[in-house]
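You will see subunit A twice below: alongside subunit B first, and alongside subunit C after that.
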Partner chain A sequence: MANESTRSKLAARMTHPVSRPLAIVYRWVDERMGINDLLYKTLYEAVPRRGAWAYTLGSATLIIIALQIVTGMFLLWSYVPSTTEAWESLNFLERHNEFGAIVRGMHLWGAYVLLLVIGLHMVRTFVSGSYKKPRELNWITGVILFLLVLGLGITGAMLPWDQAAYWTTIVTTHVLSYFPGLGHWLQEIWRGGNQVGPVTLTRTFAIHIWLLPALLVPLIVVHLYLLRRHGEHGAWINYRGAREEPDGEAAAPLVHAEPPYPAVPSDPGYAVPDDLDEFFPSQVGKDSIVSFALVLLIFVMAVVVGSPLEAPANPATLTYVPTPEWFFLPLDQLLVQFPQAWMIAVGTFAIPGLASTILILVPFLDRSPDREPWKRPQLMVPALFTLLFLIFEALLAVNRLFNL
Partner chain B sequence: MRDLLTLAPHLTPVSISTGVAVALVGVLMLLHIQFAGFQQGGAMLVTLFDFLGMVRKDERQTRFAHGMVKSMAIAFAFGGALAIFAVMILFTGLWSHFWVKLLRIMFWPLVIEAGAFALEIMALYTLYVGWERLGRVRPLRIGLGLVLTIDLFVQMLMINVVASYMLTPVGAFNLPLLLINPTLIPLEVHRLIGNVAFVGALIAIVAGVRMLRARTPEQRSYADWMGAVGAATAISFTALQPLVGWEYAKEIQLHAYASWYTMMLGGLSVAFLFQMFLLGLILTAGIFYFWRRVRTGGLRSPTLALCAVLSLGAWLLGSTPASLAWSYEQVFAANANVPIWNGGLLIPFGQMIPWKLTALVTFTFVSITAVTVFLREVSRDHLRWGEARRHQALALITMGVAVSLIMALMGFIRENGRGPFLITNHMLVNQQQNFRPPANNGPALGGIPAGPSLILGG
Partner chain C sequence: MTRRRFMLLATNVAGAGITLLIAAPIVGEVLQPIFARRRHPWVRVGDISQVPVGIPTAYVVPMPTTQAWPVPPVSRIVYVVKLNVGNQIQVISLSNVCTHMQCDVHWDVNLQQFLCPCHGGFYSITGINIGGPPPKPLFRYRHKLIGPTLYVTDQLTEA
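Right, the complex of A and B next:
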């Protein structure tokens, strides 16, 4: 870890303005807002040294969410949430706006990459047992964030009001009607009546740009606050607990621990990583490289592949085959497997609902102190089955849809 | 040479009865499937255990991976010879019409298949011969194992393209549709899982036999550990089969209804019922092993006991026939389409929905639970390797033999479900032996021109 003088130099380099007038302004603002202190708190923190590249996924998620907000704001300048003009406005953006197609493409590919990165981040957290005491709430907020991003994905897919969007809206709002007891009521609320129409699009738009982000942003703040409060856990390879050393030796690092370690209450063997590194510049550097690579990937995909815009919505068509977004393929396939109509609620609500609840409750289901994956088969084995199940379902769905 | 050619019939197949041809090819291919399955599942386990051995510094896992490579190299010699014999002698000699047509349609998948076969030889024998030397750079050896795994995955995918096309050739005018036909992915997933389960079962058999014949504590300990690995692998992967098998059957129902009917309600329904019986036997024997092995370790596990009871119940339910006849046609013919207690031939508890479906769902959840509980006890070091009893070894052998049988049976059902076709709706089995090529460019496959234009997607 760096000493105080190193920190001061780094902070000075970061915060020193380029000219005297700016320095005066900066000092004036800093005296009132405490920017230097904030930067210290934000940038200087001990993080586990080993496995650092795996810990970049969280910050990459944050950067891509920021990218989604920015590209979304640009799209709002042109998009008109009306059944008669939504498609037209996006068609104008795609064909007549200089950078419209790229921005729209980045919003789409950003969503795809975001889901992948969040998924990987969750897998990393799960495998390393980072959800354990005292980080249970980090995990719970993370799972809720993932579900919210899924919600943003599906509502976003409905907005272009092309054939794909229209039939996605039809299917999604129809599936809602199978919710036991409240189904038709919920469907009417979303659709704004019995049929999909202008009100449906307006409400979906409101959910996409207001309701879900209004839940997402505060949760991100809470997630980051909790991360800072308890520190990055990393993986079992950083801890003495994994090596089953005597209590006395395991407790020794506690004496020399740097903030935010030890996170309290913690299992002694996993309270303080053996070898620490600076968040800035070491971890920030790695985070920046991964985030930049992902943003570059999103940009390249936006330019090369772009974002499809099918023909305008046509409720009278008899030939269009609706296909779900790739991240809903397992759920789509699950529906097909239920042989009778009354069972659809099992595939659409019971199983996904149960799976989401179990996912949220993971920290309370696995209360053993072990962090190594092979010492936690009670969770790793069902999780592996679930992952295999999701992959197989997605593959089977692709095969089925390809042959429709 | 010229004399020989003039003496040869005009490229007609060797004159032999259809029944004998079917039997010869059938037996050979069922054997080949077992060898190929062993290679494919084995490569995955070699790579996994070599990796685990490195990460966990566990010599036993490395030894296991090495043992698998040696077994694969020996098995490959025989399995490869079978495949070559099948292609060079049986297909070309007995079913040349079918083989030439198939080769013209499936040219590229079969070329890739042959290429993957060549790569398999190089990768497998390099691992076999250079295991110790490659061990000096462990990631390299693991990487080579990964190459072999991917290669065998591609190899199986290509042959599944052919096999699934023969069952559901729905996109014959469009090359991508022809390759990615409705049953390709379900078959691929089904066999991928099945192959790993099969290897686990073979390991369990070997471990069971070794347990019974072990003379030293070290031999007993290793065999006991190997048995646990085999059983956990076999049961874990078999647990997924009901779901994937259901999906596979659903696609067959949608795209090759006659085959589906034959398998589920027609002449092969008895074979299918026997398959349910074997599935129940595999899972019940495996779960029984888990339960008793944990008990031998001095632990009482009510969860495992409950799993064993539930599995037994699901086995009985799943194996109950739907009627007291070979097929539904016989039930209808006898005008006995009512339950047995009303004087008919139907047994309502043998119906697929909801009873067999309930049994399948129970199998899945019970198996996953049992594997999880067993591995939890293993991870807590509650089992001392080498303590396994004789009846546990017998349970492992029973489970392994049942998996081997079900592999052969599934191949038999799949290949005979198409009957009387070799390629559904396009080519009959009995067209092979009495086929005479016409003078023009060759007959169409049921009206489908099978030539280079099709291969190129034209």
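Right, the complex of A and C next:
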């Protein structure tokens, strides 16, 4: 439990630069809200010293999602979700509001970097076997969050109502029509009719700015709650030899820290790491450095490259070649490889559905106690081949669409 | 029934009631397009007397949007194809929407086929799917000729 001297030190640190008047306000609020206890709980957790840089990917994901929410909020100051005005409103933004164009660029590049960072976060968790008991639900909520972000990516790509957005809308909503049995209705529900039109855009807009975020944010809360409940460890590198008595001894050097986790020890060997550090400032500092570097990258890309706006949507084209966003290239290639009749449903639903299901079930497919990647070849080898297959598919699609 | 049991029952029933009252109109709103009545007004394509036999000719047609509030018509392409069938000229009005993922197909003069750039679908001059992923032939617009002038309506039929 929080010892009194640490807590007053914490209060002093929080109010230090602004001195006495603020300290009085701080104490008044703390008396009523218990800010100190909350800060203590959130900041002074015992975390593993080893692998700390690899653990920065999760917080980077969180920071970029926050960036997406904030830039998205302020894109709404300029964007009109209407087939006749969406393109015009963004064209006006790009031409007459330089900073607004940067906000839009950051939303686009934020999405690209977010997908990469989530991917790396997932690879790290997978390789280190951190999804094992008691952290199965951390993994499952994480996979669902990843799928939601993919959904946000594709719906976001539909909103500018330029050529790229229009044809992304056409293909994405038409993919639904191949869903066995219900497909036709699913397509009409999303499109608001059998044609892509004004109602399609308002519905896609609503899905992008409210429906998916409303699912995303609470699930992030659950994901972080589970993280705190089970601790920021679970990888083999945190453990050099099993411990008989997990709590207490290992945490003893950290007088300021909360006792180590997890709340549900799987076995003594993986209960607590043998080398601990304080979350604040050791881990928070590393997290901040990585997140700053990524936000800087997003900012630079937004300023230097920006966000493209193609010609306005034109359903009557004889020359335009629609191309998917890069993160959907492997799925686009499956559309070519599974042609005609019932095969189309295999490429659009059976294979991606099966892949998502296997991904969600990873903690139950790998029930061995081992966490070292070289002791889990039955998972590592298929995963490596899947990753190479995705890259191969993307390259085939690039070759087909761009003749590179 | 004890007071406690009644309150438990009330919580469940009232909770279900609240959910149902909120969900019912929302489900109705979302599903409405499935049950909407469709209008199919006739649209003028143009004078097709100059269209050569055996060469699909693209007409850009302003199609009214019937599934939303009033907005300006959206351009769509109608391929008018004249064929010589047993000494009679037959006219078909092909949709240029690929039946695979609904990208726009175009007539490729060198291949003498309709080609879809998205995933490499091919169609014959009559719109029959002859290669690549398309599962069906190109749809045909319901059409009528008044003198030399062709009119279509977006009631699409399979060949």
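Operating definition for what follows: the second predicted complex is superposed on the first by the 362 of 404 C-alpha atoms of A that agree within 3 Å, B and C clash if a C-alpha of one lies under 4 Å from a C-alpha of the other, contacts with A are read in each partner's own complex, and residues count from 1 in each chain.
Note that in this section a contact is a pair of C-beta atoms (placed from the backbone, for glycine too) under 8 Å apart; a residue touches a chain by one contact, two chains touch by 3 or more.
Keep in mind that what you see is a predicted model, and the values were worked out from it rather than measured.
Because the two structures share subunit A, they can be overlaid on it, and in that overlay subunit B and subunit C fit beside each other without clashing. When both complexes are overlaid on chain A, the residue A:F205 reaches neither subunit B nor subunit C.
Of the two partner chains placed around the shared chain by superposition, subunit B is the only one that A:V398 touches, whereas subunit C remains out of contact.
For the three-chain arrangement built by superposition, the Cα-centre angle with subunit A at its corner and subunit B and subunit C at its ends equals 80°, in steps of 10. When the shared chain is aligned, no partner comes close enough to touch A:W139: not subunit B, not subunit C.
Of the two partner chains placed by the overlay, only subunit C lies in contact with A:T83; subunit B stays clear of it.
Shared-chain residue A:W374: touches subunit B; no touch with subunit C.
In the superposed pair of complexes, A:F74 makes contact with neither subunit B nor subunit C.
Within the superposed three-chain model, A:Q340 lies in touch with subunit B and with subunit C [touch as defined at top].
In the superposition on chain A, A:P322 makes contact with subunit C only, while subunit B stays out of contact range. Ranked by how many residues of subunit A each touches, subunit B and subunit C are led by C. When the two structures are aligned on the shared chain, A:F385 is found in touch with subunit B, with no touch to subunit C.
Measuring only between alpha carbons, the smallest separation of subunit B from subunit C in this overlay is 8 Å. Common to the subunit B-facing and subunit C-facing surfaces of subunit A are residues 336, 339-340, 400.
The part of subunit A that touches subunit C in the complex is made up of residues 83-84, 167, 170-171, 174-175, 185, 188-189, 191-195, 197-199, 314-322, 332, 335-336, 338-341, 344, 400. Interface residues of subunit A, counted against subunit B in their complex, comprise 333, 336-337, 339-340, 374-378, 381-382, 385, 388-389, 392, 395-396, 398-400, 402-403. On the side of subunit C, the complex with subunit A involves touching residues 30-31, 33-34, 36, 38, 58, 60-61, 65, 67-69, 71-72, 74-77, 96, 100-104, 106, 117-120, 129, 132-135, 154.
Subunit B meets subunit A in the complex at residues 56, 170-171, 177, 180-182, 184-186, 189, 236, 239-240, 243-244, 246-247, 250-251, 255, 353, 357, 368, 371-373, 375-376, 378-380.
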